[in-house]
């Protein structure tokens, strides 16, 4: 019973983290058909800028509660401005290339960003643990959980709702969905696809960066942290169906729960859980759980 | 192939081997590694010509390397030819099974799914204490038909075998690409529906190519294992596979020699970047990658083709 | 002897939409059948089902008495059913000749050789002679994606015909082709088709073309076969004219004649 | 087919021969290849502190300012010129970079390698190229257990020592010890550490040991929520972890925030690197190791005081164990060279190095294992205790080298399982 409860809570916390790190990735793929390898670098960028900002903020001795604002604002500013640089300065010259080529383009961006981050922040670990400890913990059933983790669940739900609202209830979102559905028709309808692409990339990069910032308080921000999350985010997105926000949510939940169960029941298989889930899903639904198969005209 | 071409190829092989042996050892080492990687990328190029990009060639690269390592270290088989055959046999067997599932997928799904399989191997190796987990284990020096060259000459032996393999397999691949089976790849890339309606089996075409690519990757892995004397699970990690795609893109898919040449250049570039700028070598590689994609979309081989076209125009 | 093609109560639904229902058609060797119907009437769905591209939701398809339900396009084409496409399905980045050679390899030689060069002299000769027949030999070394639609359509058909299918289905062979070239194209195709004793079925929107080449017409409307019979009979049917052709067709001038010179359409 | 091949070959040759121009060679210098992580997750906690230590110690050796008894400027009069190489990229790349160092850059010796995989791959190449190589930080006992090497030395103890020492410490210092749980990274280091720890503890307790849960999260996973819950659900008297670097930091932060560290006795075998940054989050009583007598556990000596002060002054943080490891490797190398005398051949230096005993900033180093090529040192553990906000240690136990290191020629796991015959602990 205690174990089941632990699995549920751990699974939800991990799932919400997975959702935050993969939402931006799937959005960018859905609209732009770019599987963004540098997503992890935006994650690292957010973590570094957020942690650096929080460190500075506390050194000024201001009110601790506003550190959350500092954390998030720093990450969003950094993520969006670098995103703008990457999209306007590089990606827009590559649109229309093969999807696999785009993977390599973003892989190049990843390599550059990894070293650029190192040049800016060095290799010393950065800490932003104050927001993490500030919220305290909750004890129940002999277990104790960090409230920050519960907040993470809330934030991921907020991000999910915001994306859903943005895509389904706003004008721009509807335009976006037209682009997702059929790019050619979209431009034929006079939709400014280039602008949609820029906006999408900025949102995606911003969420990626935000994910890093939200993760930063729970760990030390070190070089290479971005590389580690890419494979995870890819797996989640592939399971859910590339380009589907709902898919990312469901994929994150499945992987999160499966991993938590493995840790508690069969720690030995923890490493394989994610691939096992991926294999199972793809064997029965090659397009992922929520992707729409695109028909071909003959 | 004409006798003249064969003779030229033979001479080229001798020149490369002689050159390789005369190089300072660190360069001939790099060159041998490049030959190994070149073969892996050659297999990848076969797949890419069929429109499939595998981000999981590291799987077979690693299998080949581990077979070589286990044979020399635990079984005591050191004959390089036996090792090659065993590596190829094992990886072909694995590819024949995985291929049944994988060859149904295309594009990004093929890429991601192939990556997942190689990551599974990585996970299995990491869990395996007997095979040294992440540390891997050392590979003993190879022999050839009863001749044991010893520690110093064994890297020369591997170099010679590697160059011979590259030339023979390259020539075979060249013939292959000109055959119906070779063109079948392009046919799959361009239009699967048409191919099916012509009565061709798209699955079979892809499946065969996948197995060939796996065999080539295993040979490349074996060469690497024998020359570096060590194997570890890193060979199956996705970044290794990514590197192969990098090299493939760098060379282009226009000619069988492109991946080999690209592998040599890549090793040179990487070791330069390492030496010139130990802190920011990744950045250098990143910029090189972007530059190639931006300015030479068909890879470095397009330079050779441009050069040839100019010459052809002049002489005509 | 059983019919070359026979469909029994063929039906296909996409979700709530019924694309085809209650289709019973029989076709025999040597027949040339025009298929008409407005967009969405079920013509292409019919062809796609007969060639295995989509599976029917109900009913049966028999080719020479054998059911092809559940068979892939590949198996169907191996059973002797060939088809061309509304949008030509070619190997876009290869040359016309290479397209032909690949088609030869797969549908005629049927041996996936590994080391024999594709471009052997003898095979190139053969391919060129077929291209000559379709009057596109001059494009042999051009890359397909650079060629005009008419050439692509011809190549598409030529490749499908290589296997000498007993039943050939042409999906809008003249769509996208300039008006002045339509007859030229159809003449070429029909000449090639008539050389074999294949049954031919072609989807066509242009009634002039139908009139000139078809012996028999299948008119589709709303997923059903509205009329099936000799060309003249079907095209003069009032219902067909109203629902399928969309205007009155004057057939008076070529009554009882297969003369192709004077067909015209009054709008 | 021929012409494109030739063209390509020409281009390739032109590119690669350019590499020759990197050859720079001067006689008056002692070129030293230094390989540590300059990128990736191991660079922050290990690679860069080690590099910093190398910069500091090399400068001091060149200036002759190292405290007595170490004397003389440079290595037998030659000034050390370091050539840095990033250890990133795996063993295959590293063997290739090692060859580059030896043959292209013409180094006189190589000091390096943090990753155990690299430490297993490099020695074979070092033997082949006859290059004096000092491994400075990697932990795997397999290096000298699986083979004998002539040109390869390691100036610190294996990781087995950490965990044998850890087992002894908890056995002696944790009252009513019944059960243990472990959280270790899912790779060789983690598996080996956990195995050595539990096997030793079993021996010490006569086989009576309950293991409540053994967690092996992925290396650099960063998220340990589920593992921490599992450790809470399967509560044990002692939780063992060999986490290092960023993973230690993340685990400490997350475990502290959830009360795991306060409610449970945890032993961090490589926890010292987290002290400076996250000491506040570690509760009193946490058992900390530094992979040897390093950092807060270093014995008092003039050399150590010099090292601590200079390092802290120059780099802003006190030296951690990777820095000590590097300092020991460099000092060992210098002493061996000096002992062999000016103009000595590599083989003479090796003879001088074999069985060498010397004092580094982290105490006595005896090259007494692996036929004189592998060091054995003492091991220290202590419990964290805050005194007026300052971090100090109580219950410090120092285990002599022969107590926590298998004797010459013994294979670690077998030795432990055999009941650690011949261990001398007093």
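Lettered A, B, C and D in written order, each chain numbered from 1.
As a convention for this text, a contact is a pair of C-beta atoms (placed from the backbone, for glycine too) under 8 Å apart; a residue touches a chain by one contact, two chains touch by 3 or more.
Remember, it's a predicted structure, so these values are computed and weren't measured experimentally.
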Comparison of B-C and B-D (more C-beta pairs in contact): B-D
Centrality ranking, top chain (CA atoms only): B
Chain located farthest away, centre of chain D as origin (C-alpha): C
Interchain centroid distance [CA atoms averaged], chain B/chain D, Å: 35
Rounded Å distance between chain C and chain D, as computed from the means of their C-alpha atoms: 75
Chain centre separation in whole Å, for chain C relative to chain B (CA means): 45
Averaged-CA centre spacing for the pair chain C and chain A, given as whole angstrom: 50
Residues of chain A whose C-beta touches two or more other chains: 114-115, 118, 268, 271, 298
Residue list for chain B, restricted to those that touch at least two other chains: 126-127, 193, 279, 281-282
Multi-chain contact sites of chain D, meaning residues that touch two or more partners: 38-39, 186
Complex contact set, residues of chain C against chain B: 51, 53, 72-74, 77-78, 82-83, 85, 89-94, 98, 101-103, 105-107, 109-119, 159-160, 162-163
Chain A-facing residues of chain D, complex: 38-41, 43-45, 47-48, 186, 213-218, 220-223, 225-227, 229-230, 232-233, 245-246, 249-250, 253-254, 256-260, 277-278, 281
Residues of chain A defined as touching chain B within the complex: 35, 90, 93-94, 97, 99-101, 103-105, 107-112, 114-116, 118-119, 227, 231, 234-235, 238, 242, 268, 271-272, 275, 278-279, 282-283, 286-287, 296, 298
Residues on chain A engaged by chain D in the complex (per definition of touch): 2-3, 6-7, 9-11, 13-14, 17, 114-115, 118, 122-125, 127, 129, 132-133, 137, 139, 142-146, 148-149, 215, 217-220, 222-225, 228, 259-260, 263-264, 267-268, 270-271
For the chain B and chain D complex, residues of the former touching the latter: 5, 8, 12, 16, 19, 24-27, 29-31, 33, 126-127, 129, 132-138, 151-152, 155, 174, 224, 228-232, 234-235, 237, 240, 255, 257-258, 261, 264-265, 267-272, 274-275, 278-279, 281-282, 300-301, 303-305, 307-308, 311
